[in-house]
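Both of the next two complexes hold chain A, though its partner changes from chain B to chain C.
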Partner chain A sequence: MTVARLQLMAGVVLAAALIAPLVPLAIWSFAHGWRFPDLMPRQYSLAAWTFALSAQSGVLSSLWTTFAIAGATTVVAAVIGLPAGRALGLYDFPGKRIVLLLLIAPALVPAIAIAPGLHAVFLHLGLSASWTGVVLAHLIPVIPYMTLILAAAFARFDPVHEDQARSLGARPWQVFRHITLPMIGPSLLIGSLFAFLVSWSQYLLTLVIGGGKVQTLPLTLYSFAAAGRNDITGAIALIYILPGVVVLIFTARRITGRHPSLARGLAP
Partner chain B sequence: MLRSLAALLLLTTAAAADTADGQALKAMTWDQIVEEARGGTVNWFMWGGADNINAYVSGYVADRLKSDYDITLNRVPITDAAEIVNLVLTEKEAGVTDAGTVDLIWINGENFRSMKQADLAFCGYTDLFPNNTLVNWDNPAIANDFGVPVDGCEVPWNTVQFAFAHDSATLVDPPRDMAGLLAWIKANPGRFTYPAPPDFTGSVFVRHVFYHAAGGPDALLGPFDQARFDAVAAKTWAILNEIEPFLWREGRTYPTTVTQLNELFANGEVAFTFNYDPAQFGIAVQAGIYPETVRSYGLADGTIGNTNYTLIPFNSPNKAAAMVLQNLLLSGEAQLEKAKAEVWGAAPAIEIGRTSPQVQAGFAAIEAHPSVVPAAELAKAALPELQADWLTAIEAGWTANVGN
Partner chain C sequence: MTLELRDVTKTFSDDASSGVRNVSLRLPEGQLTALLGPSGAGKTTAMRLIAGLLAPDSGDILLDGTSILPLPPERRGIVLVFQNALLFPHMSLAENVAFGLKMRGLPRDETARRVAEMLDLVQLTGLGSRRPHELSGGQLQRGALARALVLKPRLMLLDEPLSSLDVALREDMRDLIRHLQRATGVTLLMVTHDQSEAVALADRIALMMAGRLIQEAGPDEIFQRPNSVATARFFGGTNFLPGRADKGRFISSLGPLVLPPGQPNGPGVLTIRPEAVQLVDGSGDVRAQVTEKLFLGSQTRVRLLADGVPLTALVAPDRAEALSPGSWIGVRLPTHALWVLPAPAAD
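Let's look at the complex of A and B:
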């Protein structure tokens, strides 16, 4: 058995393990009743999808809300993460370890521990129940990922290249655009992907800071999951997963520098 | 791109006509309040787990609110009203007294008591409603919410009464009283369970056993009495511990939510589910979750009933719009619409006899879902709800003595 073959098999097994839990969700979304001990639903229906895609359910509007918030969070996180990651990756300064610890802290402390206090602070600042507040709240778990990934990229980065460009007369923006960005590009992309998906999956911070008024998809999803509506939950869950998969497909090639490995393995 | 992102970041909820000052509203006539409310928005936080209830609110109610009053209804789905009580409490502690997030909550019981005790409710305005005349405030089941006097702090929306459901295809003749049910549980090991209190539904099941142990609710009504509680509680825990080995999974574990019980019932693992709102059985059959052979019934010794309400928080900035919505929800037409089996099947909180002849005819023409026991039949043996202090004591006692 060749190495390529083993790689392909590992890829298939991994993909199957990731996709298998989604299959019941897909079946549920078309099921009209699916009870033990039936292997498959007795009846099928489009009711769950009709409801999920209707204006009344609010699923599509919360999809756009979730998109806009995750997008805005990613952009702001990148703007903060680039200089911060550069400082941490390139320079040694007193207290660097403490800064690192503080940076990682939000990723280690569960959101439920900080959400009530954060809510009180945001209320005083007039930021609760607004998009701005939710984006700011999402930045707390998002920035560690972005900054640490960029710090790792800058640790491998040699600023001599920038000096060279400057000595040839490049302006700061040109240096960034033509030297820095291409060199840290893949890391920035990974960081952005993490940022987008971490924001995309926030439940508690959105609920508490958004005060229910900023209705993202996880909130809608959970209200049906908690009520035992497996059919509607299945439909919304599939809508919820889709953007993440799309983003992954479009960026996988840039991250690995090649085609998605499974596709490559299947190619002749 | 950058500009639209900046606009997005700056986007905050724009306030229309601010009607946070409840005292000023109370001095107005109804027509003035409606004028104040026109063009505004109302944020209604309500349990969002039933698509047909959501559809009724976002469809029928929102459409009428828009067309009749030009008010936009923003339905905010939540999983637990207690979260929203905490939200309003946090706002109060943070000094947000006139720009709260919540304009209306669907609420009752312990959550109402919490809001009333913490002065989080806007009170004393219901007389202004034209549709207030449809409400029978002399009925103690309407004027008291789990034994706590309503005092004009909330407006009734639905009445419900506890009922059991079984699958008539597998269990033809279920036990019809509590003594019979307890005997049935012991004769059919593994076929019954109930959600662990403080789950709302599990808690009310335990109260039925509590009433049974007390020989009826009469001795339990009124304020909490430790001596009386101790006597009845000891008997109740003995009964529940006696049946525990005969419960699903030998009682080693209990479902934590009624949703889990419903799922066990749907999959045939247990023979009964129960709910405070029998309309839920019809909804579940329509959604295909339960088989069409599911039937529901009350107990001969009675089942507990309650009323659920809508409440305006003290710091709502859109009180006028919320009031217009509450008045609309009380109208004969809106109560009739949600009483229809295909819409929701919810029993009205108003006196049908006080509505217009058309509405009365509409109520008379309603055909109940075959899986939903008619409210009139349940009402033949109705039990009152205990005061909230009893509830918390029973829930804590269950955790210490049965669920340990």
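Let's look at the complex of A and C:
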């Protein structure tokens, strides 16, 4: 069997495994009642979609909230992750292993274990039930991904390029803009993608810290699911997964297409 | 443009070997100076200090009489070209060469013109759109030179520009550096650990060891008239004979030898370059026994023992053909090739 055919088969299997679970959701969102043991709904309607897209359902406003919080979380994580990743990737310092362990810790500890304590602290600081509080809470699971991905990128980065650029007349911000950023760009993109999607899919931390005041899409989704409205749940779920798919399609090429010269070094 | 280092010191707490200590040096305008020394001598540190990528602990660095220490690297008008031809991997060759001009905000058409001009000068015409990974080692090196020269720097620093190239390319690059320096008139300081490279390329050689400047002179002078045993050894000197100079003669265990005029009296170390030592059929200045013979291709190295004093001679292979370890031969030490070094401090 040729490699190309293997690749094609793997692609088909992967696509089926990823897309198949979404099919019932899609059907539900257009169903007008769908009872056991019917294989398919007997009647279809656009009622669920009409409702989901109406102002009354709150879906669009929570879509915007989710987007804004995920965006803010990503930007803050990048601002923290760039210097942190640089320090971890380029330099050796005492206690580096402990810092690494502490960084991974939030990814190991379940959110539910820290949520109540975090809530108490945030209440005390007046951060609960606010966007700021939710963004800060989201940073807990997001920063490890961002920092570790950037640390790996900086470990492959030779800072002498920055000195060379400096000596050629670039100011510090120009060095960052024209040398550092493009050279670690693919990793920053992956880190940002992870950050955005991890924040996008946060349920528990948003629920606890947001205190019902910050209504993101997963919260809206869950409330309709809990109410047994499978048709509306299906519609919201499809809206919910859309950004992830779109972002992935637009960035897949850039993530995998890294600079060949980085891998090959300067060997002739 | 004259660069002057005044008593510059920079030490590192974590790396004692690579600092510089009390270095004073003047670079003559429009000339190529080689900063020569073994690895760990502090050469690269000196470069980084001049380029402004490091700040000295003490001392001053002046350009045309004005201290440049307050200026950041990008304002010094000095370009350092790092080892290994660091073209930025995410830019084409032309973008690399244009980099410095772009940072200065030069108009696009003038940038393009100067980049094309510079690519012609380094014989990379038409390769501007290539990526660094599509270029050979020699082309990368020339690209790196072009990227620096296009800025018309007041001073250009080259860090081991030839060491990453294989032997065949090295000579081409050496000629090119020489040619570029003459064509542009740029003042050049080049770091190297290879004394033959320094001798072949440089107008002046500054020899550094263990963070200190040992000697600064023209290639002939530093080669023929080193100022210390350490310098002589670095340039391949092997024959060192302790004794004392007295009224034009050098008294040692080999007996008195007539010195060339102008040598100071007093204790010292007599040296003669191995290629100046002559093997003769008669008695010569001294009789010696061959201890080892090594064929090196264009020359043969003969190690000798004369009255307990080890000597090394580099002679034409046919001259050494009849010799074998144990045989006796006359050794002549020509007066004009003798040179007395100061006796080293006890160590």
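Heads up, the rule we're going with is that the second predicted complex is superposed on the first by the 256 of 268 C-alpha atoms of A that agree within 3 Å, B and C clash if a C-alpha of one lies under 4 Å from a C-alpha of the other, contacts with A are read in each partner's own complex, and residues count from 1 in each chain.
The definition used in the following text is that a contact is a pair of C-beta atoms (placed from the backbone, for glycine too) under 8 Å apart; a residue touches a chain by one contact, two chains touch by 3 or more.
Computed from a predicted model, the values in this text were never measured in an experiment.
In the superposed pair of complexes, A:120 makes contact with chain B only, with no contact to chain C. By the touch criterion defined above, A:176 lies against neither chain B nor chain C after alignment on the C-alpha atoms of chain A.
Between chain B and chain C, B touches the greater number of residues of chain A. In the superposition on chain A, contact of A:219 is made with chain B only, not with chain C. Legend: residue contacts after superposition of the two complexes on their common chain; A:163 is shown touching chain C, with no touch to chain B.
Within the complex formed with chain A, the chain B residues making contact are 5, 8-13, 43, 45, 47-51, 54-55, 58-59, 74-79, 83-84, 87, 90-91, 93-96, 101-102, 257, 259-260, 262-263, 266-269, 287-291. Interface residues of chain A facing chain B in the complex, by the touch rule stated above, are 31-36, 43, 45, 47, 51, 56-58, 68, 71-72, 75-76, 116, 119-120, 123-124, 128-132, 135, 207-208, 211-213, 215, 219-220, 222-224, 226-232. Listed in rising order, the residues of chain C touching chain A in the complex are 48, 51-53, 72-74, 78-82, 84-90, 99-100, 103-104, 131-133, 135-138, 140, 147-148, 151, 164.
The residues of chain A lying in touch with chain C in their complex are 158, 160-161, 163-171, 174, 178-179, 182-183, 259-262, 264, 266-268.
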